[in-house]
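Pasting a structure below so you can have a look.
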Amino acid sequence: MSSSSSSTVTAQGLPTVLSDLPPIFTALYQSKVTKKLSFEQIASAIGRNEWYTAAIFYGQAKPDKDDLDKLSKALDVPREELETNLGEHFYPNRGVGEWPPKDPVVYRLYEALLVYAHPLKAIIHEKFGDGIMSAIDFYGDVEKVPDPKGDRVKITFNGKFLPYKRW
Amino acid sequence: MSSSSSSTVTAQGLPTVLSDLPPIFTALYQSKVTKKLSFEQIASAIGRNEWYTAAIFYGQAKPDKDDLDKLSKALDVPREELETNLGEHFYPNRGVGEWPPKDPVVYRLYEALLVYAHPLKAIIHEKFGDGIMSAIDFYGDVEKVPDPKGDRVKITFNGKFLPYKRW
Amino acid sequence: MSSSSSSTVTAQGLPTVLSDLPPIFTALYQSKVTKKLSFEQIASAIGRNEWYTAAIFYGQAKPDKDDLDKLSKALDVPREELETNLGEHFYPNRGVGEWPPKDPVVYRLYEALLVYAHPLKAIIHEKFGDGIMSAIDFYGDVEKVPDPKGDRVKITFNGKFLPYKRW
Amino acid sequence: MSSSSSSTVTAQGLPTVLSDLPPIFTALYQSKVTKKLSFEQIASAIGRNEWYTAAIFYGQAKPDKDDLDKLSKALDVPREELETNLGEHFYPNRGVGEWPPKDPVVYRLYEALLVYAHPLKAIIHEKFGDGIMSAIDFYGDVEKVPDPKGDRVKITFNGKFLPYKRW
Amino acid sequence: MSSSSSSTVTAQGLPTVLSDLPPIFTALYQSKVTKKLSFEQIASAIGRNEWYTAAIFYGQAKPDKDDLDKLSKALDVPREELETNLGEHFYPNRGVGEWPPKDPVVYRLYEALLVYAHPLKAIIHEKFGDGIMSAIDFYGDVEKVPDPKGDRVKITFNGKFLPYKRW
Amino acid sequence: MSSSSSSTVTAQGLPTVLSDLPPIFTALYQSKVTKKLSFEQIASAIGRNEWYTAAIFYGQAKPDKDDLDKLSKALDVPREELETNLGEHFYPNRGVGEWPPKDPVVYRLYEALLVYAHPLKAIIHEKFGDGIMSAIDFYGDVEKVPDPKGDRVKITFNGKFLPYKRW
Amino acid sequence: MSSSSSSTVTAQGLPTVLSDLPPIFTALYQSKVTKKLSFEQIASAIGRNEWYTAAIFYGQAKPDKDDLDKLSKALDVPREELETNLGEHFYPNRGVGEWPPKDPVVYRLYEALLVYAHPLKAIIHEKFGDGIMSAIDFYGDVEKVPDPKGDRVKITFNGKFLPYKRW
Amino acid sequence: MSSSSSSTVTAQGLPTVLSDLPPIFTALYQSKVTKKLSFEQIASAIGRNEWYTAAIFYGQAKPDKDDLDKLSKALDVPREELETNLGEHFYPNRGVGEWPPKDPVVYRLYEALLVYAHPLKAIIHEKFGDGIMSAIDFYGDVEKVPDPKGDRVKITFNGKFLPYKRW
Amino acid sequence: MSSSSSSTVTAQGLPTVLSDLPPIFTALYQSKVTKKLSFEQIASAIGRNEWYTAAIFYGQAKPDKDDLDKLSKALDVPREELETNLGEHFYPNRGVGEWPPKDPVVYRLYEALLVYAHPLKAIIHEKFGDGIMSAIDFYGDVEKVPDPKGDRVKITFNGKFLPYKRW
Amino acid sequence: MSSSSSSTVTAQGLPTVLSDLPPIFTALYQSKVTKKLSFEQIASAIGRNEWYTAAIFYGQAKPDKDDLDKLSKALDVPREELETNLGEHFYPNRGVGEWPPKDPVVYRLYEALLVYAHPLKAIIHEKFGDGIMSAIDFYGDVEKVPDPKGDRVKITFNGKFLPYKRW
């Protein structure tokens, strides 16, 4: 996608939460739509996890230089434009969307916490002691598990346990 | 635990969120403390998942008759008292604690959603189409993954994909 | 249920939202639990709709004298106690629970509005003109529709159309 | 409607909640106004329910390819423009308007929940057990019921019952 | 009502918003219920407007000495108890109930403001200039206007116009 | 006012709450300012109540065809422009401004409810039974009552009483 | 007041905001009521400003030893009880009441800030430069200014100007 | 300042809260900056209090015709432009900025109320009886009081006492 | 302090935020008051930092077995009572008080973040890269720095830098 | 950076919170990015602390004339443009970003207060008496402390203690 063509196909079905982000994210998304690439395909092209790749598109992760090289190639967005906007000086302002969420997909995850997070806290303490699961030294995965009664979404959160320091 | 002894050791270090629940939950929790049983042990005694077992203790899941039998035995809480309070007529009023959460353990899960839930929505749609992951036909798991750099908390969400109906 | 026995079996699995209501509602609920009566059975005994009957138990509808007579008989709560508390001078303070709701059953109804209420407003205006569906001259119904793929909940809202007055 | 004419008749009495959506929704709405088509007529043209059709116009439902073909014809909006904006890659960001709602039409529905939703939860549990009514495997209907004392709005919610999984 | 009898008939159908007020208000309300007196009758007995009289019962107005004398007689509440609690040193903490209101009666008044208050501001400025209608040098009235199509509630707000001072 | 001149005198002292409404409301308001017409004069020209007329200008009421004819003449806004924007397909999105209100004129009305609405609910129930005052089958009036101690603002709310239906 | 008598005259017309404070504040307030002392009289007895004295009664200021001596004498509350509760170890948890305030007296002060605080910020900067008026090195005064057109309330805020430090 | 030059020096260090107001306020502010006039100087030129003058600049007070004449001269803003925007038809929409305030200057005033407003209410009632200090028949003053330990900001609020009407 | 004496000196000037915690915290606090021990002294007795020691008293840190031994000795609270309530099974529900805070001491810290936290984020990224300062592997210190112009409060936050993981 | 070049490299990876500020802040930030200057380097060039320097870039501190001179040189932004926008008449509107914060870096600081601020209040009172740490006569520092187990972020808050005045 050249930057000029980008202005003629502005904001095709752009997810609402992206419209609050700087224009580079619109450009990335539009190129993805025009090229009919899935996040899985882009993830494969840049050597990252599919979910993490989507996080880059939502301004929630910081791509490194190598990611920018590969994104530029995969999406045909000029390397320089990526460098200028998402380069070394760029740090994500994390936290996206309205909370509590209204969209049902996002709400169900939120609801799972409303119901199961306090019991989970109890389990974590029993298994690990006083501390938390890191959301920084963290990775996750989304998987489609075929099931004759209806396929299942399997989401994994994997974070380092960080014990509270006593001082 | 006899119900009389229960009144003399009221509310030992009871998690704050339990204090809003009916007294039966205090009784269950106190017995667990007195008997020094972990959720893992209770789960094993009643044949349920550890996380789900904790959810029962936090009033977030409905035990069936068999669960009540086994809970009564494992915790020495009179079967009748359980039946009276958590029997057939009892349905959980789900949703526990204050949101957004202040406790760091719960907050990290919430933060993971703030950052990664919208990207996750995009992945779910690409993998499954228009629909959601159910939080009802849902189960989860918590695992301790030993790691020389620091053990890791691995949490799995597993929900049936429910496609939106067109009408 | 005699009022004395009521004090020994206090608040068996009482729905949390009822705990904010005056004690008469606890008494009604406890009697229903003790007698193992469903709302359907009570509704049939007092000649009201099942959903409406539940609304009386949640302090959301005003029973008339005849309702009190029949409730007294069906639930074995002294007629005088009902008269004293829910008699002529009693008017419901309507609106129950926390909003937005956390409980998933209530939330799904709320979500249906988040998604479909504005489109519904458009339809109502096209079909009826400028006005609203009354929530006062209103009745509803809940039905269980057997379905081999999973039974369905069918809820009907039926309110008089009230046209806006021009002045 | 050609896309050029669309710019000269911008936003005629456009419902406020639509102004937050991408421009394609303005285009759809304007064409509907210009052609003096009701949702009932459009629904009939595309073979969908009237309420569901309005939900498409409010960005709350995902039209399939066939819907886009028929919408294009019915509303004279270029098929390509619809494909580009509401095609395969488009997934609704559901949840529209401000909540609690201020508009009286929407508020009355919300009020019906404030008053009757918790009693309804009790009924659903008694009739179906522990679970919810799906808002995903869900459809509804709006009907005008003539009545000499004033016509009535009859709204039906019909959702699959989903039992809570024990694990 | 003697104060001893008052304790045996506690809180008969007491409006929820009164339960946050000091016990004297419960006593006043209970006596009103026991004696089956309407606000209109009490107002007539103490020589005040019916609406204003109700405001005293809700802790929203300060009775003067003469009011206390007459209230004591009309309701059979000891003069001294009234003096002790609502005497010279008592000043109302005005503002009652939860806002936005959930109860439909109160909400309709609130809704009338949501819709008509800004237009009203414009009218007030055009008729009176820059200033406000006082809510302090204020009185009101509620009237039942018989109408064959349905009786009407007529509420009057009457406040002194207070012009903004320039300085 | 011709639509061309309108663009050169944009938004003269336009009330802030109008700036959220579609441009037609700016046009109406500007014409009113330019022609130095009061709402009283416009009301007289279109045969509506002064307060209701202001409500049309704030997008809170739906003018009928006759209103549009007369507004077009009185304000010199092209009939077609009114039809296009406020015609048959237009339905107000009611509810204007920020709540709780900050502007003192609007706040005083809100405060009158904070203080007197719950007592008013009690009076309405005593006079009419279980039901509400309609805010739909509703009209009102604003009057200037000369008073040597300071003129008074007299506001009347007049709504049909709607009894709750039992079912 | 002896502590025994205090229990028989509990909470006479106690301002609602005091009911959240520890019991010592109820005791102080009740004694003031019983002895019919104004804040002006108590202030004079303890040698403090009237407004500041009231702040002590609302738990918003820390009395020193000398204040406790004098309060004990003036109000007949045992010195030891004051020492135990409001002694050296006591530090106020400042901030009282619900905000935004509903009570009209408190609201008018809040409204004066809504309207005039930002203009005041501009004046302070012009007069003093970059900094703030301290709310800690602060005192105030309330005065009644007789005026034939109606007495006036004159409130003075006097705080040290604190310039922002550059670093 | 001519209106043309105004466009080239747009929004110099314009206070954020002004950016929500109509453009005339930007023009007034820019002229003040360009001419290096303090509010004190402008106040002196128009014969108003310095604080009140700032309130005009923040859209919180309604200037009269004479004020507009003098503002036009003092600030070199065309008289007609002022008349068009702030003339007879203009009435302030009072209430400016975000509340609770974040800016420390404004917050300190707010904090003074958090701490001292309820005690102040008690004092006002003791000194004046049941009523409020008007925020309408109100004026204030800001003074710089030199002090060797650090100059002090002295702010005076002066409002008419308005007794509650009994009815 | 024996547990019996504890009941006679209940809640002496107990900080409001402690009143939401389980009774053991009241007991600890009361003993501290009775024994006139500062946190510095208790910290020294248990070998912990002063600030951390206070955190234990506010239910914000988990004491280990050794801490309980020493606390029991220092405060004369029975070891068993501590074990029962704050023993192995106890895990803090962290997050104390109302936010935004009203108390000025707490607010100033909050304000420092309102003003300086985003600039701080920028500095942290420049110095460390993409990641956060841990609030778990964290300790702090409070120091009194004598200064002739006024002593200074010096607070140190010291947290491990945690780099975001890429996946 | 010349002001013309600035328009061609608009808003490169501009932190979201800066987008609410006047354009001068975008210009400063862009120049910093283009020149690849760290805050440390700029701080060194203008003789200010690194954190404070960042605060200037976020509109949270008022630069003096000398700061403007040096910023102009260091960043190649015309001195006059800085003077016009950030000169004598400019006073920061302090308070930046959304609170509670969503970004994890900012949240961790906020969380440290949720957990440790009330204990800190207790320590400050014990060490200094009744008063606060100033956030005005305040400075801070950020340091990178190398540590083999992971570098640490050390943040210092240093504010003058301000004792509450008694009056």
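Per-chain numbering from 1; labels A, B, C, D, E, F, G, H, I and J assigned in written order.
As a convention for this text, contacts are C-beta pairs under 8 Å (C-beta built on N, C-alpha and C of every residue); 3 or more make two chains touch, one makes a residue touch a chain.
On a predicted model such as this, the values are computed, not experimentally measured, just so you know.
Visitor: Where are there more C-beta contacts: I-J or H-I?
Guide: Counting C-beta pairs in contact for I-J and H-I gives the edge to I-J.
Visitor: Same interface as H-J shows up in which of F-H, A-I or E-F, over half of contact pairs matched?
Guide: Answer for the repeat of H-J: F-H.
Visitor: What is the distance in Å between the mean C-alpha positions of chain A and chain B?
Guide: The separation of the two C-alpha centroids amounts to 27 Å.
Visitor: Please list all residues of chain C that touch 2 or more other chains.
Guide: 15, 17, 91-92, 94-96, 99-104, 111, 114-115, 121-122, 125, 131-132, 134-138, 140, 162
Visitor: Could you list, by residue number, the parts of chain I that touch chain A in their complex?
Guide: Within the complex, chain I touches chain A at residues 48-49, 52, 61-62, 64, 91-92, 121-122, 125, 130-132, 134, 136-140, 162-167.
Visitor: Across the complex, what residues on chain C touch chain D?
Guide: 15, 17, 38-40, 50-51, 54-55, 57-58, 60, 94-97, 99-101, 103-106, 108-128, 131-135, 137-138, 140, 142, 144-145, 147, 149-162
Visitor: Across the complex, what residues on chain F touch chain G?
Guide: 100, 102, 104, 107, 111, 114-115
Visitor: Show me the residue ranges of chain C that touch chain B in the complex, using the header's touch definition.
Guide: 9, 11-17, 32-33, 36, 101-104
Visitor: Mind pulling up the chain A residues that touch chain J in the complex?
Guide: Within the complex, chain A contacts chain J at residues 20-24, 84-87, 89-91, 93-95, 99, 135-136.
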